[in-house]
Amino acid sequence: MGFAASLIGLLKPVRVTVSHLFRKPTTVMYPHAHRPPTDRFRGGTFGLTTDPETGLENCIGCRLCEMICPSKIITVTLDRRPDRGYAGIFTLQYEACMQCELCVQVCPTDAIVMSREFGEPAYSRADFFLDKEKLHANGKKMGRVWGSGSTLQAMHGKKERPAPAAAPAAPAAKKEGA
Amino acid sequence: MSAADASATAPGALPTVEVAPGDLLALAQRYLSEGFRWYICTTGIESAEGLEVQHFLRNPESGGEIVLRVKLDALAPKLPSLYPVFPGADWSEREAWEMLGIEFEGHPGLRRLLLPAQWDGFPLRKSYPIATPCLPYRPAAEKPAAAVVPAPSPIPAGEAT
Amino acid sequence: MWTADSILETFVFPFAISLATLSVFMTALIPVLWIERKLAARLQGRVGPYEVGSPHGYLQPIADVLKLLSKADMIPTQADRLLFLFAPIWTGTCALWGVALIPFAPGLAAFRSDISLVLLLAVASLPGLGQMAAGWASANKYALVSALRVVGQVAAFEIPLIAGAITPAIVYGSLDLNTLTEAQPAVGFLFGHPLGIPSFLLFLVGMLAEGNRTPFDIAEAESELIAGVTIEYSGMRFALFYIGEYGSLFLFGLLACVLWFGGFRGPFVPGPHWLLLKGFAFFCFVTILRWSFIRLRIDQFLKISWSGFVPASFLLVLLAVWWVG
Amino acid sequence: MIAASQIEPVRPSPLDSRTGERREMTLHMGPQHPSMHGVLHLVVGLDGETVKWVDPDIGFLHRGVEKLCETLPWDAIAPVLERNDYLAPSTNSHAFCLAVEGLGGVDVPRRAQWLRCLADELSRISSHLVAWGTMGVDLGGAFGGGTSVFLYCLRERERILDIMQEWTGTRFHPNLSQIGGARYDVPAGFDRLLDTKLAEIDAKLDEMISMMEESPIFQARTRGIGVLSPELALGLGACGPVARASGLALDLRKTRPYEAYKEIDVPIVVRTEGDAYARYRVRIDEARVSIRLSRQILAGLPDGPIHGRPPVRSSKHKAPAGTSYAAVEGARGELGVWIRSDKEMSPTRVRLRSPSFANLSAIVYILPGHLIADVVAVLGSLDPVFGDVDR
């Protein structure tokens, strides 16, 4: 490489960096501003849902989520009652979760769901230990989410192209363009 | 023995030749001269059939694949190292040695690769205990009762009947 | 025979001027640190410091230094204690000595001398000594390798630095920075003289090497030697290196402004303002260079010096002499 | 041509019998070192600044994944394996699912196959972006232009992560592949999103090239550094961009095509120099190819179901007995999974053939004779991922 070419080459990185002075910064000021999560986003914490009509919890204590969990962080016991099963203990050690959504996928009653909001930071391990109360509180707070056992299983069970049919299950799938 | 003898059962299975430990180096050399120059990996397995080592070679030109399968004595698993033929076997054999206790004769330095030097036992053996030393976390003291008492809050007491 | 006037002239005025200069310089270092952080962030598409001294993190440098001061001070057991303690003080203060020679206004320097340029160049190469001492005293192999690199670097890049700085002195026939400032044409020596640009480039290269800036930051070499000579330093002692590094870089910047950009000269506002403004602008320029380049290797670094910059330096000095005489 | 076995690595020099020390200065680089790409520990024998020998010490990130797989239900393994090559996560689970499907009994729908390949291509782009970025940091340090390159690369990678978030719900570990199919279908409007984001990345690649390749300093730092000969590369099992930079046209997408690549023509990027520059350059060209392939795959995405098994409702799946090997062309090369199944709840043996492991083993051969500064340059160009090396 000639001397002049080297000098010109040296100017090229400078041109790139200086050009960034005239652009908007890429980063956002995180605690003040959030990047909006998409509909399917599952980076957040967990919640247990309840039936909106009867107010009963949806979990039937079948322990399928406990068995499929790769990190083995869910503990469920069956509380057998005359009408159906309920969860006796339901604990989730959120700090060790790897967000694979398998527990949500296997749930036959859409009881366990994942939040669309980012998981809140915490000061102690105990804060990440989600017992049934916390999970139900989360479930109330997060409202309706896209990913649940029935949507995921419906996606797999479809024999035809599922994208148009899945639209009602994912109400906002279209509007998220950017 | 050649690639033609190799048998495959499952669609994902590879053409395999069984070879006695004593013939391994000569056979590997022959495959090398036939063009199987691309060393892929060495796998040590312990299954119901006992211990075995599989060396996986590939021919970069034709794409041909061959697995050299060496069945080993369960009590004194020992076979010649492939390192003199394929230098890539160095690390893979060290790994098989430390994980399964398979002795590779002629290897330039069989020492621990992934595990700490003072590790005891061969972790990938089926006999190696998987007892987890750390119990699942349970928050202490403050509210042990809340976690144990099966009191599903959203259910009114009378409704269960 | 001490009269009130002579006492004032001998003791009080120099002391007052020194104190003023020192405080101006130390205060100027705060924006320098802020510029470095904020500009680097903007060059990389980040926002940079924001929270401390919101909205734009104006107090970040103070927070930085306070953080360093509040950290544990550790001395490796195998270190050469005396040298280890001495090195950061040496490096941290050398930059401050040099500022005494910088003329902030016509005739206004803390220490006036007819050979202030020579003195300044002598003082400015002193921090390297502290780095060598630190590298040796730390009893750490990374620090040792780095100290060896410092030796090679000082030897190789002092010559371009001095040759660049001495060219205006030869052209204008003076070693006094004040005279040199006033002798320059209105556009500065850089554009006002054919030797301006080559001498400036040589000085810039030498200055980047002395100030440990990419592409010549091989002594610190974050990705190779972790932190070079400062690897074992923590807390306040590291802060001294930190201040010394930025101080000496800013000092070199001021010297460049004095020699090539007309120093304190400028319309409307008084001299010190102009000099500091030019100094900050020059520091921005150096910062842009720093965050744009990757690093040279030690052998390439020494090679381009000995086979490129050193011969060019001698050629430049010869040209300057020929120009004058 | 010299055979690979005739190329001897430079072993650590023996201890002096009298002093009990080595002749060279031994420098421990890592495991905590800014440019050891994680937790590599290199014991380097130095003469001045010249590296005389290297003794790599790996395993600081060993998590016993292979043993862990023997304890997990079949369907729970794929997300665990995604943590191996954590810079190109979906390739790991893809290889595992291919291997399990290779045991037979499952018919993967075409749409699922193409979706998985699309995820692979996207993760290849994002992985290569990180590779340049970390190489920039290695060459330029945390306080220099290297960091600028790194941040620009990460900024571009964000766009890939945005795509993945829109599609699968997570940015990093999508957990897309499942035995028998794919877990997530693409949402409506996905093609437009992908097109925009990829176009943005494509445009910004020139910036990376300006920052690195066009700068004479980068050329001086990487040309002729860490030359890996093709014979040695084959003997060591080197693969992926490392092998292709040494003049070997080896790409599983072409030589052992699977899934969508059976129908798509994949151009192989080959360079012959074998040095750090060639490895960097191969990645640039490959990323461009991957951008094109992603568009091609999405355009040709077949209709139909995305799962060949009934929906996973429990952990009771049992794969057929047998032995199977499957490999995908991951971002770093041949990412193979070797499975032995005895029709139990868990596999009997899972062996991960990781590309980083094979590529990294070359440093013993190619580093001696270089300077300390080249150690980091070569490591950056080999681009090992320690989750993958140590498993």
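Each chain gets a letter, A, B, C and D, in the order it is written, and its residues are counted from 1.
The working rule: a residue touches a chain if its C-beta (ideal position, glycine included) is under 8 Å from a C-beta of that chain, and two chains touch if they have at least 3 such contacts.
All figures in this text were calculated on a predicted structure; none of them were measured in a lab.
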item	value
Mutual neighbours - chains that touch chain A and chain B alike	D
Far-end chain from chain D, centres as C-alpha averages	C
B-D compared against A-C, more contacting pairs	B-D
Chain B and chain D: spacing of chain centres that average the CA atoms, whole Å	20
For chain B paired with chain C, centre-to-centre distance based on mean C-alpha positions, whole Å	58
Chain A and chain C: spacing of chain centres that average the CA atoms, whole Å	52
Inter-chain centre distance, chain C versus chain D - centres from mean C-alpha coordinates, in Å	44
Residues within chain C bordering two or more other chains	43-46, 291-293
Contacts with two or more other chains, residues of chain B listed in rising order	none
Sites on chain D at which at least two other chains make contact	145, 148, 152, 155, 211, 215, 217
Arrangement of touching chains [line / ring / star / complete / other]	other
Contacting chain pairs - touch in the sense defined above	A-B, A-C, A-D, B-D, C-D
Complex contact set, residues of chain B against chain D	9-14, 32, 37-41, 43, 45-48, 54, 56, 60, 63, 84-88, 90-91, 99, 108, 112-116, 123-124, 128, 130
Chain D residues touching chain B - in the complex, by the definition given at the top	3-5, 7, 9, 11, 58-59, 62, 64, 66-67, 71, 98-99, 101-104, 231-232, 234-238, 248, 250, 255-256, 320, 322-326, 334, 336, 338-340, 342, 348-349, 351, 353, 357-358, 361, 365, 390-391
Contacting residues of chain D [partner chain C, same complex]	25, 27, 33-35, 46, 49, 136-149, 151-152, 155, 211-212, 215, 217-218, 220-221, 371-376
Footprint of chain A on chain D - complex, ascending	72-73, 75-77, 79-80, 83, 111, 145, 148, 152, 155, 158, 165-171, 173, 175, 181, 183-189, 192-193, 207, 210-211, 214-217, 219, 303-307, 309-315
Residues on chain A engaged by chain C in the complex (per definition of touch)	10, 13-14, 16-18, 20-21, 23, 25-27, 29
